[in-house]
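Presented sequentially are two complexes of subunit A, the first with subunit B as partner and the second with subunit C.
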Partner chain A sequence: MSIILSALQYLGYILIFPGFLFCFLGGMLLCGIDRKIVAKMQKRVGPPVLQPFYDFFKLCGKETIVPAAAAKTTFLMAPLVGLAALVVIQLFIPVFHFSAFSGMADIIVILYLLLIPALSIIIGGAASGSPYAGVGLSREMVTVIACELPLVLVLLAVAKTVGSALGTGLCFSLTEIAAYQAANGSLILRASMIPAALAFLLVIPGETGNHPFDAAEAETEICEGMLAEYSGPPLAVYKLSHAIKMLTLTSLFVALFLGGIGGKIVNILALLGLTGGAAGALGVLLGAVVLFLLCALITIVCISLVHAATARLKIEQIFKYYWTVVSALALMSLVLAWYGL
Partner chain B sequence: MSMLSYQHFPIYAIMSLFLGAFLVVMLGKNRAVRNALAFISVSASLGFLLALVKRVMIDGEVIAYWMGGRVPAGGYAIGIALEVDALSLFFGLLIAVAVFVSCVYSFSYMSHDDNVREYYTLFLMLAGGVMGLVLSGDLFNMFIMVEILTFAAVALTAFRNTAAGALEAAFKYLVVGCMGSTCILVGTVMLYAQAHTLNFAQLSALIAGDMNTATKVAFALLFIGFSTKAFIVPFHPLAADAHGAAPASISVLISGVLTKSGLYGIIRLTYFLFQSMGLGSMQFLLVFVGSLSMFICVTMALAQHDFKRLLAFHSISQIGYVLTAAGLCTAMGISAGLYHAMNHTIFKGLLFLAAGAVLHQTGTTDLGRLGGLSKRMPHTTVLFLIGAFSISGIPPFNGFASKWMIYQATYMKAVESGNIGFLLVTIIALVTSVLTLASFVKVSQSVFFGRLPAEFENVKEVPFGMRFAMGIFALLCVVTGLFPNLVTNYLTKPAAAAVFSVGNYIDSMMGAGYAESVMAAPPAAPVITYTELGCWDPVSWLLILAIALLAVTIVALAGKYDRVSLRPAATDAKHDLFFGGEESVYSQVGGGDLFWGFKHNWRHYFGFMHDLHSGIVNDYALWALVALALALLFSLIVL
Partner chain C sequence: MFKKLIAESAAKSPWLFHINAGSCNGCDIELVSVLTPRYDAERLGFKLAGSPRHADIVVVTGPVTTQSLPRVLRAISQVPEPRCIVTMGSCPQSGNVFRGSYSVAGPLSKYVHVDVDVAGCAPKPEAVIDGLALATKILKEKRGR
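Let's look at the complex of A and B:
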């Protein structure tokens, strides 16, 4: 009986929260908010916030076209693998003190798991056989390489900071990082971690492929690159994956740098006099809401505002930018963390 | 001892390969007889080693075997000895498995070649040479085996001597390989002059406490000698040429087996013979050379236009990981390094076999000419992708499991020693991994995906035998990635424990108490424990991913996701697009130059590297001399 119950519980995690349903709603809303804010900054009315949902369902009703040059199975399966892999990553990111699956993957693993969605879109694009996709995947891969170095430096800096605070030397576990922050305040409050947080914020638009780092999808020159041949439901899945990626990366930022808010939530619940199971459930709900609001805030700051204010960079400029400016910021944090500051 | 006593098994494992070589040349005129002989001898070799797993790996026994029963007399070991501890057996098993799979693959792969009898003879000589090297307990016999394997490898490199560059590659390999072998010989002679013995265990006991100028010079010579066998920087150009020219089944041996013999030599040299890994300078040497190989070779691979040359450079890059991890001199480091060495044999073997399959069906490995083969060779494509994901360290394949341990080991070392240099090594290792991925995305785009050129319209899938051989490696890639604990508990931890048990190694050969009587304080056998810093549970992850994927797929299929309503004609004009006014052949996305956005920023580096790798054997011989000079300087001044 208890096995069935726990199986149902895990299924619930995967399908509802923090799995598919949460990802779907959260990601799509983030996407809608992003489009609205960009429109406002450009003095347009912009689409309604729910527009991504409409787009998604409309695309699902459209026909699928598989090019003659494409490898059909790979072409159709790649988007699904990417989506599933992304949702699984979301399951490993703790929502403040609640983590659905703890002790399964640490930050280095997540760094590599994040490559799978990128790889799925690359393989899908390659399988389409389109020359546009060829250019697109070349640029996407270079963007991935570009983001990897600063991301590695940020994660190592966080691991060192939390590890030396805990006395273990290094700490790679996201759950432990979240717990540490809940007890000792957010990492972003430390002076040494501010450059790393900035670097991570700059990595987010690169990883999600948003302006000005969207050379891989550049609609106006290479017709969305790897998506050029996609239509109908597979395209809808890619659009959804893109939206979820925004949610994943912003919630990873929250987990790494803003975990201290988890402690506040517990305090508030204690003040309200709630204990036991009710407090747990309410805490998770409250955590989810706060997490989403924070994600929306980060999206506005590092995706929407940057989008509205900049023009698209060339791929070699993207690479240079990440391996110099952003990496230097992250390196600064790492060196400061190394010397225990 | 009865003939069937397990103590004979190591020599049987070597003998069955050499015996097979002679029998093939005598009786192997008929194809079926030849194949049967080769198959029996490689299977027997694998079987004998597998039969030792329980005793050596689990019970921790060290098998000391004196040929002809000539045990040491008067305190000196004069007989020929084999000594098999967990480290030897670990490498022996890798070799036996790689040789077995390569042999199965050869049956179909070499069926169109001439002189196949000679091929199998040389193949088995090469395998026997490497097997003899790792199971030998005698420095001079190691040299003999090095000679055998070098000459077999040179001959096999030039086996398809009508192919462009085959003779040239073999010649380069011969020149530099012989310089390496000579170094090993001179080093051996110098040690013999010092200690009056060639037995490895006795030498280890006598040399360790007595580091004078002559032994230091011997160290430099032996180190460079084994480095040429492992093809680490600056000997990497040889590997690229050799792999490019050799048949794919031989590339599997060169990368999976021959480089392992060099690595094995370096580990024996540093941890056993000189017992100098405690020194910071020694760790620096291995980690520095390892990191250099890791990074230089991955960037060299990014610049390649040929499938097999690209794989060759990646091979050395991965050897760099192993050397770096071994150079950390921590339990976790050496365990991670050995794990990666094993994975390297598996995934690199798979990739070379996939490249061989492409060559076999299309007749070329030029990335610029190939494309779209996934539609004609779907099974090879899937097998290639498994290998590519493994080498790129994509979870849950085996490359990730071992690389992830290497990242932890290097970072932990950095924190424990307070040396910021190891932090840099961690970063290089992490970045190299993503560059590897980029390189394999390039291969999959320009060989298996993208557009199918008209000349390959009628290409067919490879025969079952070749797919079966690749399937074995692919299965191993998945299994060793999904169950890292089994691998570490039964293979790498015993081998790592053996690496740190020099005293036990000496005593097993020379009699209990010998190490203590010669060396003031023999190194105590350590307990190999380490706590992994992070957490990674591949099976659960895969389970969750499977559930998630199932959920998406069901929803997608219920919504008629794969309903295809329109299929445009293959000759649609939109596929004939131009980039920026140039025809696609002139565009920047040609097979060899897919990542120009990256290469543009590193153009000075790539230009420098391009000029440096002149392809002239004189230059490479000079590099070898410079490396030797530097090693001598290092050894005399720093050590």
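Let's look at the complex of A and C:
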């Protein structure tokens, strides 16, 4: 009996929260908010916030064309692999106190899983047999490599800070990082972590392929690059993956740097005199809402504002930017953390 | 219910693909002005797609020269169904000032089914938005079938 119950519970985690349904709704809403804010900054009315949902369902109803030169199975399966990887990452990221599967994986697993969506789009593009996709995928690979170095440095800095506070050297477990922050306040409040947080914020638009760093999907030059041959439902899945990636990276930022807020939520519940199972469920719900609001805030700051204020960079500029400015910021934090500041 | 959702969404998220079939560039600039902050067609969900595979509405400008005709037809055939073809300006409708030239193969309606014609040289952005809105209605009908 209890086995069935826990199986049902895990199924709920995977399908509803923090799994597929939460990713779908949250990612699409983030995408809509992003488009609205960009429009506002350009003095436009802008599309409705629900526009990504309309786009998604419209694409689901379109014909799927498989080009004659494409490798059919790979071409159609690649988007699904990327989507699945993103949902799995979301399961591993703790929502403040609540964590579905966080005990089973640490930051390093997430780092590897984060590569899979980019790889899936590269493989799908390569399978489509289009020369535009060829140009796009070489640019995508460069972007991925460019973002990887600062991302690893940021994660190392966080792991070292928490690890030396706990006396375990390097701490890669997300649950421990969340617990540490709930007890000792958010990491972003430490002076030594501010450069790392900044670097992470700058990595987010590069990882998601949002505006100034979207050389790989430049629609005016190379026909949207790797997506050039996609149409219908597979394209819808790619658009969804892009939206979920925004949610995943911003919620990773919340988990790494703003984790202290979860403790406050539970304190509010305790103040209201709620305990037991109801408080637990309410805490998770409240945590989800707060997580989404924080994600929306971070999206506005590091994706929308940057999008509206800049023009697209060339691929070598992207590479240089990430390996100098952003990496230097992350390295600064790492050095400070190493000396225990 | 799912079908209805898709039909509703089809009218709310039309993506445009623009083909220049020998236009004088007047219409092309007017089409871009439709997407600028002043007229902001994105509020209705319009978006300029980079690849014909992503598009719902094909906007053709220019008198369809003999050189561009095979490319235009090929690009249109790459657009997945349901799709809508809109001609913009008097050129693809009648040939306009280029009519009778040895290098003009148009009008476009000789070769493909055209859903909406927006006349004018160049048409005003308001007229273009009107024509595109009509095209979204046709898209929804096609989807509903």
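Rule of thumb we're sticking to: the second predicted complex is superposed on the first by the 341 of 341 C-alpha atoms of A that agree within 3 Å, B and C clash if a C-alpha of one lies under 4 Å from a C-alpha of the other, contacts with A are read in each partner's own complex, and residues count from 1 in each chain.
Here is the rule we use: a contact is a pair of C-beta atoms (placed from the backbone, for glycine too) under 8 Å apart; a residue touches a chain by one contact, two chains touch by 3 or more.
Note that this is a predicted model, so its numbers are computed, not measured.
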item	value
Three-chain arrangement built on subunit A, subunit B and subunit C clash or fit	fit
Subunit B versus subunit C as contact partner of A:Phe319, first or second or both or neither	first
Between subunit B and subunit C, more extensive residue contact with subunit A	B
Subunit B versus subunit C as contact partner of A:Cys60, first or second or both or neither	both
Vertex subunit A, arms to subunit B and subunit C (CA centres, degrees, nearest 10)	110
Touched partner set for A:Leu227, first subunit B, second subunit C, both or neither	second
Contacts of A:Asn184 with subunit B and subunit C, given as first, second, both or neither	neither
Touching partner for A:Arg44 - first (subunit B), second (subunit C), both, neither	second
Touching partner for A:Leu235 - first (subunit B), second (subunit C), both, neither	second
Touching partner for A:Leu76 - first (subunit B), second (subunit C), both, neither	first
Smallest separation of CA atoms, subunit C relative to subunit B, angstrom	7
Subunit A residues contacted in one complex by subunit B, in the other by subunit C	60, 63-65, 132
Residue numbers on subunit A that touch subunit B, as the complex places them	11, 14-15, 19-20, 60, 63-69, 71-72, 74, 76, 80-81, 83-85, 87-88, 91, 101, 103-109, 111-113, 115-116, 119, 122-123, 126-127, 129-132, 134-135, 137-139, 141-142, 144-146, 148-149, 152-153, 156, 159-160, 163, 168-173, 215, 233-234, 237, 314-316, 318-320, 323, 334, 338
Subunit A-facing residues of subunit B, complex	372, 374-375, 378, 381, 385, 389, 393-395, 400, 404, 407-408, 411-412, 415-416, 420, 423, 426-427, 430-431, 433-435, 437-438, 441-442, 444-445, 448-452, 533-537, 540-541, 544-545, 547-549, 551-553, 556, 559-570, 572, 575, 577, 579, 584, 587-589, 594-598, 600-601
Subunit A residues within the subunit C interface of the complex	35, 39, 42-48, 51, 53-58, 60-65, 132, 218-220, 222-224, 227-232, 235
Complex contacts: residues of subunit C adjacent to subunit A	5-10, 12-13, 37, 40, 42-45, 48-51, 53-54, 56, 78, 80-82, 143
